[in-house]
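These are the structures in question, set out in turn.
One chain, chain A, links the two complexes that follow: it is found with chain B in the first and with chain C in the second.
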Partner chain A sequence: MTTQNNFWQHNRTVLIFALIALTMPFWFPLMGGYSGLDTKIMIFCIFVVGFDILLGFTGYLSFGHAAFFGISAYVTGIMLKSFSDNIIPAILVAVLAATVVAVIIGLLTLKRTGIYFSILTLAFAEMFDSMAMSMLQKWTGGENGLTGMPTPMLFNLKMQGDTVFYFVTLMAILLFYLAKRIERSPVGLMMKAIKCNQTRLEFTGINARKYKLLAFVISAVYAAIAGALMVVYEPFVGHEFLGWHQSGEIVIMSVIGGVGTLVGPMLGAGFMLYFENVLSVNLGEQWLLVLGAIFMAVVIFMPGGFMEGIARLKKRYFTTVDGE
Partner chain B sequence: MAILDIHQVSLSFGGLKALQNVNLKIEKGTTHALIGPNGAGKSTLLNVLTGMLKPDDGSVMFDGKPLLNVNSYDINQLGIAKVFQTPAIFPEMTVLQNVTIPVFAARDGSFNLNMFEGRSKQRPLIEFAEQQICELGLENHMHSMAGSLSRGDKRRLEMAICLANKPRLLLLDEPTAGMARHETEKTIELLKSMQDGITKVIVEHDMNVVFSLAEKISVLAQGQIIAEGSPDEIKGHPKVIEAYLGEAQV
Partner chain C sequence: MDMTLNAFTLSILTGLQLGSIYVLIALGLTLIFGTLGVVNFAHGALYLIAIYLAVSINNALGFGLALILVPPILFIIGVLLERGLIQRFYDRPHTDQILVTFGLAIVIQELLKWAFGANNIPFSIPSWGNGIIFMHDYLPFLEGFVVYPKWRMILVVVAIVTVSAVFALLHLTRFGLVIRAGMRDAEMLQFLGVNINRRFMVVFGLGAMIAGIAGVFGGPVTQVSPEVGMQLLVPSFLIVVIGGMGSLGGAVLASILIGMAQSFTAPYIYINTIIIYLITVIILLVRPRGLLGAKGVFE
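Up next is the complex of A and B:
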């Protein structure tokens, strides 16, 4: 096989994603919704791609990833407000802070598996939530949230409207590309082996705990980047950023889209946000009910999420000799 | 020369003495069988060797290095691989991916941050994995999901995983348990044909397997080694007969 073919094969999904994402400002407004929804979708794409490195690869279901999203958002907000309106130092400090927290939480929670791990992560996230509402109120703004940030700047460039969209989208493309690279690397193989058979992996000479921690921290970094970008997108941080509701939403996006596929969760994120913000208007107050029904239908009939649906359609209509 | 030296190892679970002052030397390059009635401590001893259990007392040396208080993955990196009673494989991965894992483990050690290295670009490593798979006769299943293989093929795949990072000592915990006659014969052939130089310790109930493979046999009963010798010596050993017939006096 030629190198060029390999390049296309490896980067096909990234290129298609880039094409769809970068052209969004042209076609997305036609589908309704407020301006800026496309930016929000891209931010959540970053969040869920990272989350899939943990849930999809290693099989560890975290119910506390909002903690990293929220901590990063608060730190970004505080940095913008009191240090400099330049987003670069703000994002760097915020992601670093969330990473440190992730290493500590990861070391503590990864001692357990299954539901115990999920509950531990949830407990930690709730702890940060209540801290933001009580002892850290002075900095977080408590109930009112963190407000009063200046217009974020990328050096001399005002981060508003389309500029934010393209900045976020380029980050999303880069981070999706890196996630794909991790998937194709030996590290990705070891992470996926954790989900299959951890005992065999340990008996094959692999320190599974370190790979788990690595997956946990990488996914937290993605969540933190998403959290920081959220503040660049909209200069406000509320404590709901840290809440279990936020963590749960990420899980639902991943499951609806197709856990472990990287692309699937992004589809899930796009679908959920579009549904929440656009279709909900037509459905009125019952929209959550409809969303719940869709979620159940997917889990029952298509446990592999949208990606399984796409694979089934592909098989039915596009099967050729080599199965491509 | 002994590659594995188990010295005065004792281990109790509560009041139950699972292992009592076990002394065992495994000679390099030999196939050594561990037999004994149920509950004799055979699997417990294997679990001590792989770092799953820590003995209360005693020492284990592998090739001059102590094995106690060492993690399972480090023990594997030292050159000890284990074949489980039920084949332990990575069911949701392809056969090739299954064998690629130990190949990278052999190159990179127990942890490596090579997050952005393309696996497919490492042709020699992938080819080595493919060669291992072919040697165990799984070439037609290269890209099949491991979980979909037959039991016998799963066992072969597990052997391929174990052999791919070139162990010096292979521990086999009842490799033919639950197998049909012809599959057992195949497994015996497989173990016989395995490359020279690998020392094997095999725990087995099937005496046919034991006597066709082992050069030396140790008999465990109630956590103690009660007899040791060549297959012929063991066959007629009064203590062994006693232990198996359940007439041993406590």
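Up next is the complex of A and C:
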């Protein structure tokens, strides 16, 4: 096998994703998506791909990832407002801040598994939400949210409209590529081994906690980048960025799409945001009801999400009698 | 702390009253978890059904009928939910149970919002429960004039009676014996020829019924709007976890603890808003299984 062949095999999904994502401004309006929504979809693609490194690989269900998204968004907003309108230092500081918080929370919460882990992460996120609303009000703007940021700049480039879209999309492609690299690296294998059987992994002399923490922090960094980009996309931060609604939304996106597949959660994110912003017009007030019902149906009948559905269809229509 | 005896007593009462609502939700949650092993994120939604039923029946037919009808209706809803949905998830991972009940919670909440609107519906207290109690008549150590809303005291009494009834059911009856054995080792019970499935159904119904009682008496206090379910679910879940998943005594203890903590920190707004999360984090880190959690349960 030649090296070129190898490259194609390993990066096929990334290249297909890049193609679909970069051409989005041309085909997305045809299906009713307004400009700007494509940017938001890309931002959430980043969020869920990172989330899948935690939930999909290690099996730890966090109900508090909004904390990293929100903290990063607030720090970005404050940096843009009071330091410089250049987004690069803002994003760097924001991601760094969220990473520090993630390491601390990760060290504390990863001692527990299952529901205890979910509840602990939820408690931490809700704590930050409450703090943003009360003692940190001076910096976060409390109930009104953080507003009054200048137009974000990438050095001399104004971050508006299509510029934001392409900046965000390039980040999403890069981060998806990195997630794919992690998936097939030895580290990724360790993370997946934690999901399969943590006790057995530990018996082989491997320090599982190290890999759990790594997965947690990596997913938090993805969430933080998404949070920072959210402010670049729309110069506003509300405390709902930190709330359990936000964490729940990420969980729903991941599950609808297909946990553990990296591509699936991105499909889920695209579907949900499209549903929330475009299809909801036809459904009126009841869109959340329909979404909840779809979510339940997926969990009951298709635990592997859209990806399982696609695999089933493939098997049904693209398999010949002798099995290939 | 420079707190007068009067203020201290009022804080105790408020703490009890807050704890009463929590315990009525948390009791059902922990009962269902301990027996069926199901993490029910839809429990807040069951409470939501209860308050909407209660307010509708109360406004149309009076409080007496609401009290008689709502708990049994919730029992039936619980049984139907268990048969129709929850029982398919006994063998699935806990994360799947969390997800499906989370979805169910959204569906129920949105259905009720559709039917009743997003605004608060006034829930009038029956005349016998209206007004205030002169606490200084009953507690001679209080100085001067101390009053407390009567309905909130009734809520405390209802919670005490309900908790006692559940404990009596579990510890004094044959049914309770089987349920407690089921909490210990469901598989063994099946080997002994006990039809555990039927009892699971009843336990889920029972949990829903307690939420029904909570709705009838708690509705006027918590208000009647679609967000209430989730607003109550999060602290109740934390309480179940603080108490130890599946431990009824733990749930009671944790409810009182959180109620008191919220009541006593009320003057200090910064601490008050985060106290429940702070306590959860500290307790879970110090006592991983919660206050009274049994070893080997959900680890």
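A few comments on the model shown:
We adopt the following convention: the second predicted complex is superposed on the first by the 318 of 324 C-alpha atoms of A that agree within 3 Å, B and C clash if a C-alpha of one lies under 4 Å from a C-alpha of the other, contacts with A are read in each partner's own complex, and residues count from 1 in each chain.
Going forward, a residue touches a chain if its C-beta (ideal position, glycine included) is under 8 Å from a C-beta of that chain, and two chains touch if they have at least 3 such contacts.
Since we're looking at a predicted model, the values are computed, not measured.
In the superposition on chain A, A:211 makes contact with chain B only, not with chain C.
In the superposition on chain A, A:185 makes contact with chain B only, while chain C stays out of contact range.
By the touch criterion defined above, A:10 lies against chain B but remains apart from chain C after alignment on the C-alpha atoms of chain A.
Shared-chain residue A:311: touches no atom of chain B or chain C.
Touch criterion not met for A:154: it reaches neither chain B nor chain C. Of the two partner chains placed by the overlay, only chain B lies in contact with A:203; chain C stays clear of it. When the two structures are aligned on the shared chain, A:61 is found in touch with chain C, with no touch to chain B. By the document's definition of touching, of the two partners only chain B reaches A:195; chain C does not. Once the two structures are superposed, chain B and chain C can be ranked by residues of chain A touched, with C on top. Partner chain A is touched in their complex by these residues of chain C: 39, 85, 88, 92, 94-96, 98-100, 102-104, 106-107, 110-111, 113-114, 234, 237-238, 241, 245, 269-270, 273-274, 276-278, 280-281, 284-285, 288, 298-299.
Put simply, chain B touches chain A in their complex at residues 50, 71-74, 76-77, 81-82, 84, 88-93, 97, 100-102, 104-106, 108-120, 161, 165. The residues of chain A lying in touch with chain B in their complex are 6, 10, 178, 181-182, 184-190, 192-193, 195-197, 199-208, 210-211, 214. Those residues of chain A that touch chain C in the complex are listed here as 59, 61, 108, 111-116, 118-120, 122-124, 126-127, 130-131, 133-135, 244, 248, 251-252, 255, 285-286, 288-289, 291-293, 295-296, 299-300, 303.
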